[in-house]
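Following this message is one structure expressed as structure tokens.
Chain naming follows the written order as A, B and C, and within any one chain the residues start at number 1.
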Amino acid sequence: MSEMLGTLVFYAVAFVILATALGVVTSKNLVHSALLMTACFIGVGVLFIWLSADFLGAMEFMLYSGGVAILVVMGVMLTKRQDGPPGNPFNHRKITALGLVILFVLVMSTVIVSTPVPSGSYVSADTVDALADMMLNKYILAFEIAATLLLAALVGAIILAKGDGEA
Amino acid sequence: MMFYEFALEHAWLIPLLPAIAFVIIGMLTRSYGKLSAFIAVCMSTISFLLSSGVTYAVVNNGITVEMPFVQKLSWMSIGSVDITMGVLIDPLTAMMLMVVSTVSLLVQIYSCGYMKGDPGYGRFFSFLSLFAASMLGLVLAVNFLQMYVFWELVGLCSYLLIGFYYYKISAREAAKKAFMTTRVGDFGLLLGILLLQINFGTLDFMALKEIIPAHIMSAGTGLMTIIALLIFVGPIGKSGQFPLHVWLPDAMEGPTPVSALIHAATMVVAGVYLVGRAFFMFNELPTVMTFIAWVGGFTAFFAASIAFTQTAIKRILAYSTISQLGYMMLALGVGSLTASFFHLMTHAFFKALLFLCAGAVMHAMADEANIFKMGGLKNKMPITFATMTIGVLAIAGIPPFAGFFSKDEILGAAAAVSTPLYILATLTAFMTAFYMARLLFVTFFGQPASEESYEHAHEASWFMLIPLIVLGALAVVSGLWGHIYGFGEWVRFGAAHEAGIDMFIAVSSTILSLVAFGIAWNIYVTKKWSSDVIAEKCGILYKLSYNKFYIDEIYAALIKVAVDGVAKVFYWIDIYIVDGIINGLAGLVGGISAMLSKAENGQAQHYAGFFICGVVILVAYSLYYLAVLGGAL
Amino acid sequence: MTIGLNHCLLLSAALFAIGLYGVLSKRNIIAVLMGVELMLNAVNINFVAFNRFTPVSDLTGQLMAVFAITVGVAEVAIGVALAYRIYNDRQTINVDELDNMKG
């Protein structure tokens, strides 16, 4: 892959990510928002692969654009109030929030641009092996805790969604 | 491996087993009374067997006071302070282990019968186990800190047990009183321990044994006298010495087995044991020794004079305990560790016996405590009568019962050092014989004071009688046994102590005791002499004694003046200064928060917005700080 | 011009800002959740980018992203369950109508 092509791909992916993300926020239809969000996640997954993190890219596709998207769509479906497409309105803080966010972007960009970048890079030939090795050796505790967290989230979600009356 | 070697190597099990019983009963089986009692008695039996093994090992392996058996484990290190826990076994420890485990086992067996039908049956056994555990741990301590920990645990247990009938106001008050009074002593002890740690950097008994005499040789007695006096304040509180003896008679509010345990084998002798354990320090300080001797002698006499006129059976025994503890302190003060610990052992047996007998009597009389409302019980309760008689003869020092030998040792030791102390001690012995005879005669002889309760009276169950018989046997033989088999060769400080009987002292004290018995017989059995007339003739003395020299009232008045005065000052400060500041602050905060609460509308997004604002400001500021001011993070 | 760390960081900052905007300005709780997801993804991009463009020797950054994804998924599950529960209890999922926290 030539350098030119790489740059082009990055900008294309970045455009997709930002455009779909904006769509998520501004769309009037909640279902559209959810679909755009899925597209955004696919973009992020492609970006991961571009950053030579292929395992993470695969995870992103499966978990986010697969699992999370489905969860969110189900959430939309379960909480629908009236007939017709579920709305996605703004609240009265729309303008203030916009100002705040722009301020945030400005400050963060200044930080990023003004901070010296360390030179050097790291590309792993085989991310899956390396990640598995770390996960089951050095970070085994974090791994186990993550497993417990998932279990707790599973139980918690069931109990929350089940309600009081339905024992 | 022989059993005794196992016991020696695993001596730490001795306190641990009752502690386990406490945990098991407390957490699991509390509501199953019989099972709880079974667990407690089992654990006590095992620790009794281990104690016997340890004692055998001490004799067999020739472990002496100079060459103790020590096991240590590092507990924690804070900076340069190393704190260890462990077991220290020498003949002193072995003797105490035997006494404590025997008496606590017997008391637990007795309690199986005594506490029958009590709703707190299981709870009672869990506390008894904890008590035994703490006391055994205290005995095994290798350093002052470990001893202090168990010392406090013992205090806690006594609080729990005295207040066992917590629904009775008097029991609650007595428990509080015991806890607070001993706390005064414990505070002194703690200060002494801290001073030791600061000055010598160690609390280990074996290390201090080397350091302190050397220190006194080089630096004089000044500092050590202060430390020793502070440490002695602990035993004053715990062992009920004047003037901190007031809690002990009130502690009778607890169930009778507790009284036997506290007043015979465990809590009160902890003080004597502490002085004995730290004898290497006290022995170097003649001033402190004299002080201890006089505190002990005075307490012995003073408490005996109160016991003269008391009417409640357990109170008489309580004052007699204070008096006997005074004896032990006296013996320590005149430098005879052997005499003191010999008396400690015999006293443990016969005093436990007396208390348990008293419990059996009260049990039979529907919890009546006044001896003048009993009478004539000797036909109804023959075994209790026989064992009680043994106890009385033992404490009065009639040969060949246990008390004779140990009391004789103390009198001999006192006579060798100071004649006034000897006279005081002999007088006390005479008084002891008199009031104990009074107790025995009034309770068991004469006409029953109330027909109804007399008819109701009955011999106690076997659970209660067996401990009485065992203790009775011990009260007969322990003195003679110790005398013959060279108690002084093992439990001693310095050179071995020769067991010898000074004929003059022995004969005179025996005659005095017999005379006291005779007087009591004439007053209370044949009624030749009227006790009322005597009381009238003595007038003020009788009143003083009957009201326990008004010590409690004096304390109450002192505390009232001091506390009320201080309280008035603080009340003023509180109302005008503290409240003023607080109210002002509260008004200020209220005003500000009223303003701020407008910003709180309860919406999460609103809060998130403020949060992001904060983040942006923080990042912007650090950017400014780094880029413009050129600072480094 | 070669794409480096800064480009990725700027992209992630932008994505984060868009997610933040969603979180702050949407009424529907599901939409707010979507905003949170966008922010989480922005953070993951940072992890991976730092791992790729700085002189490191292993894949710790990517591993952190893995854990972040795990936590993010758990968070969505709980979030949707909560939304459903709130909807059942109050017949609304508009965040600005939920002001129980008001003192």
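As a working rule, a contact is a pair of C-beta atoms (placed from the backbone, for glycine too) under 8 Å apart; a residue touches a chain by one contact, two chains touch by 3 or more.
Owing to the predicted nature of the structure, the values given are computational and were not obtained by experimental measurement.
*Asks:* Go through A-C and A-B and name the pair with more C-beta contacts between its chains.
*Replies:* Taking the two pairs in turn, the one with more contacts turns out to be A-C.
*Asks:* What's the farthest chain from subunit A if centres are computed as the mean of the Cα atoms?
*Replies:* So the chain farthest away from subunit A turns out to be B.
*Asks:* Please tell me the distance, in whole Å, between the geometric centres of subunit B and subunit C computed from their C-alpha atoms.
*Replies:* Roughly 66 Å, centre to centre.
*Asks:* If you average the CA atoms of subunit A and of subunit C, how far apart do the two points sit, in angstrom?
*Replies:* The mean C-alpha positions of subunit A and subunit C differ by 6 Å.
*Asks:* Suppose each chain is reduced to the average of its Cα coordinates; what separation in Å results between subunit A and subunit B?
*Replies:* From the centre of subunit A to the centre of subunit B is 70 Å.
*Asks:* Two or more other chains in contact with one residue: find those residues in subunit C.
*Replies:* 20, 24-25, 95-96, in rising order.
*Asks:* Quick one: which residues in subunit A touch 2 or more of the other chains?
*Replies:* 91, 93, 97, 100, 104, 108
*Asks:* Got the subunit B residues that touch at least 2 other chains?
*Replies:* Counting only residues that touch two or more other chains, subunit B contributes 605, 609, 612.
*Asks:* Could you pull out which subunit B residues touch subunit A in their complex?
*Replies:* 605-606, 609, 612-613, 615-616, 619-620, 623, 627
*Asks:* If we count contacts the way the header does, which residues on subunit A are in touch with subunit B in the complex?
*Replies:* Going by the criterion above, the answer is residues 91, 93, 96-97, 100, 103-104, 107-108, 110-111, 114.
*Asks:* Would you tell me which residues of subunit C are touching subunit B in their complex?
*Replies:* Listed in rising order, the residues are 20, 23-25, 32, 95-96, 98-103.
*Asks:* List the residues on subunit B that touch subunit C in their complex, please.
*Replies:* 597, 600-605, 607-609, 612
*Asks:* Could you list, by residue number, the parts of subunit C that touch subunit A in their complex?
*Replies:* These residues of subunit C touch subunit A: 1-11, 13-22, 24-31, 33-35, 37-38, 41, 44-45, 48-49, 51-60, 62-63, 65-67, 69-85, 87-88, 91-93, 95-96.
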